[in-house]
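First chain A sits with chain B, and in the next complex the same chain sits with chain C.
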Partner chain A sequence: MAQKITIEPVTRVEGHGKVTIHLDDNHQVTESRLHIVEFRGFERFVCGRPFWEAPVLVQRLCGICPVSHHLAAAKAMDMLIGAGDGNGLTPVAEKMRRLMHYGQIFQSHVLHFFHLASPDLLFGMDADPERRNVIGVILEHPELAKQAVLMRKYGQEIIAATAGKKIHGTGAIPGGINKNLSLEERDAFLNGINGNPDLSADKMIEWSESALALLLDYHSSHTDFLDGFAAFPSNHLSLVRPDGALDLYHGVIRAVDAQGKRIVNDVDSRDYLDVVEEEVRSWSYMKFPYIKELGKENGWYRVGPLARLNVCDFIPTPKAQQELERFRAYTKGKPNNMSMHYHWARLIETLHAAEMMKELLLDPDLQKTDLVTKGERCGEGIGLLEAPRGTLFHHYQVNEQDLITMCNLIVSTTNNNEPMNRAVNAAAVAQMTGKAEITEPMMNAVEVAIRAYDPCLSCATHAMGQMPLEVTLYDAAGAVVDQQRKGM
Partner chain B sequence: MSEDMNKPLTDLISLTIDGQEIEAEEGQTIVQAAQKNGIYIPTLCALHADKENGLKYDLAPGTCRICTVKANGRTTAACTTPVSQGLVVENDTPELNDLRKTIVELLFVEGNHFCPFCEKSGSCDLQALAYRYQMLTPRFHYAFTPRKVNADMPKLLWDGNRCILCRRCVLAIRTEEGEPLFVFANRGDKSTIIVDTELIQDISEELAQQAMDICPVGAIIRKEKGFDTPFGQRKYDHSPIGSISSISSDMTCSSGENKTGGEKS
Partner chain C sequence: MKAVPSVLVYGFGNPGREDDGAGVALAERIRAAALPGVSTDSNYQLNVEDALLLTEYDIIIFADATRNPVDRFSFYRLQPDTSVSFTTHAMSPGSVLALCSQLYGKTPPVYMLEIAGVSFELREGMTAEGKKNTLAAGHFLKGLLERADMAGFEAMAGLPLE
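Then we have the complex of A and B:
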């Protein structure tokens, strides 16, 4: 008998989602889907609000990486008030924002790898669920758990010092920033917060390296699993610095195909609508973006750590660059299309973020006092950046009274919608085909495939385009007098 | 009436507030007498004139009723009731504080107050009173009243969602000739604030800033200056409303200055 399996909720991810897998009479997987079941509507209710509220309002999409939305909206507002396109700010403003962003990348990647993903690796996908969780990690690997907590704390303290609060700060304002970094704050981050040497910039670099070593060690003993599980070729898209360097705060849009051929060639981020389009499918609140030129069938792409390391030419910090070379050598210079290698790429970025934080902390520009820039006001703002989970697009139109009239958000996880659905299907086919009985570990395997992408489902839900509406006016005799249609 | 209250007065009378004997000048209101003697009576509409807020005289509109006290056993608004010899005032009592909490709660459900993205958060008197009276959960149904935002003026934006109709702006924000820039319109639950569309065009930077500063909530905000006060420098970041420092200087938050290395909240 045909069977439908539902995994709800998907656990150890941000937000709420569910998976459905359809099996036919012969226990063959016929269809698998990742559904996003929440509806949010931020794009609508930000309309009518003054533009300078957007960076503070829209970040409330998420409590895990609000900084990404805060900064993307602030970048859009920079453009709106004529403070350039991510490059017109004063040195202190841009560097404070970068420090905030790398603190965010660091804490978010650490949270994902240690708290959410590591139980599957440390205990195995088929371990007892009561053990296969973050409490299990604390009980059986206490030193590792302590490092994870302190690394996350460090990133969060960086955010608090730059944004004002650990979650939902107000640091980035249109055209700049509302505070600089005091010498006391700087010294604490360099030498150890509250005098604790475990909370210093160098310790973060050291622990990032050891986390990477842990994963590489795991890889050597579980090569088939990490290389083969839910692997499939795809396009890869991310921002890069115009010289090709990995840059998570600002850059041009670049994409490569599964073989490494350049398919989007360093497009100005303000022209993002020339590059991507979104498709709505009736069974999910999350849209399906694709590269316009390649169409719906072939234009879908991956974003996030794996895509970024496939797209960039180099990483501008020495230790992470060395790791990138090892990562690239593994696939002989070709793009890496293995879903589980997201974890590897994520930890290389964690190391890069740790190096960047130290580099920025040592920069005396952070103590300067010219915090805000202004220029000629226009009616539109577009801000893109690389959030922990991938490319984030914010686009606003603002009227002459300073109120927002249009908002379009393409959230990082949304970009990975098609890849995640493919990963779910690949895992389901591999685990469940021909099996008479569906077990908990098989279902967890499907979740492991999703988790590799570190999805944040809470902010990736989306309005489903125009609400179709038809109004027909009849007269007393029942004859049609007038008919109006919208969005059909 | 307000101007009369500020005339120098010499006749001293004595009264008690919560059993504490104090001296006051004849003609002062209970709120003014308490303020002078370092006793906190909460206000959202009444405002003591000082250097920081630039007011020339104390405001006492009597609109919000949060200052309700018992004077000789009768409940009354302390900001409009003059002191008298031997007056016995009850102020900081569980019964009155519970009434005040109710007023705060009703103000919250009547408007659309979204503190998380309001730039007055941390400097807002209404929010500060909600903390003071430990408003932890909504007791009343939200009205979700549709309110307007008036952004059609230079330098300022008026957000009706947050307005509590305290009348401070109506009384204080005026041209040099004394003409009001903000006035009340309509009646009852349709009451609203409207702006003189001609006079507002020439509003000075200082007056615009004063309008934002005296607004007890986030209804009047400066355009294009949003969120330029970092955490740690907001009005109630270090001392809650009603503490000694916030009584002696009711307007401690000025935006735009001393931003180096603000403290964390």
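Then we have the complex of A and C:
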């Protein structure tokens, strides 16, 4: 009897999603799909609003990565008011935004590693779920947990100092920023917030290196798992600085194939529509982007930390560059196509973000007072940046009354839609083929594959309560023959 | 315990999603009241670093919207939650308290003020019902804070409120 296994929703992933795995009569996996209810209404929500509100409005899209949307919208508004396409701002404006962005990258990556990935990595997928969670990590690795809390706090304080506040930050405005960084703020971030040396720029670098060492140690003893689990070849896409450096704030669009051949060659981000197209599939609310020139079948790509390290030529901070060289050497200079190596790439970027924050804090431009650039207004704005989870596209059109008439957003998780589906299928084939019943490690294998991509959906409505895991087994006729829940 | 306890009112939720912003709106009302010894904070969601914040106050009150109201609002003493509820990038209030306890050896008195919401769509402003409920919850909390002492908090926690 053919079966369909439904895992709904996926735990430790934002938003509402479910996984369906179709088995044939011999319990062979025939197809796997990740269904995500993406919220597309946001684009309509923005239309009709004055364009200068966009950098604040878009933060409501997501409670996890509001800074990414804030900055992408602000970059689009820069173009709209004639303040350049990311290069036209004053030094203090661009560097304050960069500090905000690297603070966001830092705290987001730390959260993912500590909160979502480390329970799986430290205890293994087969471990008792009662132990395989963040409390389990705390009990067995209390120092790691305390470091993670302080690293998160440091990143959040950087965001608060640059964005102005935690909710609906106003730091980035069309054409620049609304405040610089005071010397007192700078000194606190360099030497220790509230006089606490554990909340200093150097400590963030040191602890980032420790987290990376922990992962590499785990890799040495679990090589087969990290290298083989949900691995598959793909294209990789990200922004890079025009000289090929990793740049998470601004750059040109570049993509390479699974062998490293350049397939998108440093295209101006304002021309993104020449590069990327989105496909609609009947069974999913989330679109499937692909590189136009390669078509739907071959043009899908990965974004995020793994893609970025595959695409860039170098990292412009010394410690992270050293780690990139180790990362590259492991695949003999070829692109890394191992899903679980997202964790490795993410921690290299964490180190890079820590180095960048210190570099920016030491830059006297942050105390300058020329905050805003103005130019000749046009009717269109496009802003791209590398958010923690991957490339984020914001595109707006505005009428003569300054009201937004068109908004197109391609969020990082949408860019990774096809790769996440393939990762789910790879995990399902490996874990469920030939098996007659659903087990906790099987379910978690699927989740681990998805979590590697750190998806984040429209997640800010939460209220009280938990997100349970529900597994439903259907027979060929669509009748429920088994159902299991956890986390209720 | 100091004679005048330090109190944190921490509202969380997304004000861009109608009644989901009830906790943040309530924290803003309390901030505007400028009560002595009372600090306020707000964020979209709770997270691991909030465990450290809990160590800095004598009494903490989390304010949040709820989809499953038993009344206009409810007020109760929060217990550490060490069960597997770390399901998303955000943390539950009980999980934050558990984290505080496990990491820093402190379990401060934390209270939960849940405000009934009726709609959580992506839209500016709260519903009329959500506003009414937030107003009632704010009135209740302000009164409690004005005569703040531990006995008062304990007496009100878990009792019928209307």
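To be clear about the criterion, the second predicted complex is superposed on the first by the 453 of 488 C-alpha atoms of A that agree within 3 Å, B and C clash if a C-alpha of one lies under 4 Å from a C-alpha of the other, contacts with A are read in each partner's own complex, and residues count from 1 in each chain.
Simple rule for what comes next: contacts are C-beta pairs under 8 Å (C-beta built on N, C-alpha and C of every residue); 3 or more make two chains touch, one makes a residue touch a chain.
Note that the coordinates shown come from a computational prediction; the quantities given were computed from them, not determined experimentally.
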Exercise. Check whether A:K153 is in contact with chain B, with chain C, with both or with neither, and answer first, second, both or neither.
Key: second
Quiz item: Who does A:N180 touch here: chain B (first), chain C (second), both, or neither?
Solution: first
Quiz item: Of the partners chain B and chain C, which touch A:H168 in the superposed model: first, second, both, neither?
Solution: both
Quiz item: For A:L403, is the partner it touches chain B (first), chain C (second), both, or none of the two (neither)?
Solution: first
Practice problem: Please determine whether it is chain B or chain C that touches the greater number of chain A residues. | Solution: C
Exercise. Tell me which partner A:H109 touches in the superposition: chain B (first), chain C (second), both or neither.
Key: neither
Quiz item: Counting only touches as set out at the top, which of chain B and chain C does A:L57 meet: first, second, both, neither?
Solution: both
Practice problem: May I ask you to decide whether A:I81 touches chain B, chain C, both, or neither, giving the answer as first, second, both or neither? | Solution: first
Practice problem: Considering only the touch criterion stated at the top, classify A:L371 as touching first (chain B), second (chain C), both, or neither. | Solution: first
Quiz item: For chain A, what residues appear in both contact lists, the one with chain B and the one with chain C?
Solution: 57, 60, 168
Exercise. Using the touch rule from the top, collect the residues of chain C that touch chain A in their complex.
Key: 13-17, 20, 24, 41-45, 47-49, 51-52, 64-68, 82, 84-90, 92, 95, 98-99, 102-103, 114, 117, 120, 122-123
Quiz item: Which residues of chain A touch chain B in the complex?
Solution: 48-50, 52-53, 55-57, 60, 81, 160-161, 164-165, 168-171, 173-174, 178-185, 367, 369, 371-372, 401-403
Quiz item: Tell me, which parts of chain B touch chain A in their complex?
Solution: 116-117, 119, 149, 151-152, 157, 221, 223-232, 259-262, 264-265
Exercise. Show which residues of chain A lie in contact with chain C when the two form their complex.
Key: 11-14, 39, 41-42, 45, 57, 59-60, 63-64, 66, 111-112, 114-116, 129-130, 133-135, 138-139, 142, 145-146, 148-150, 152-153, 156, 166-168, 456, 458-469, 486-487
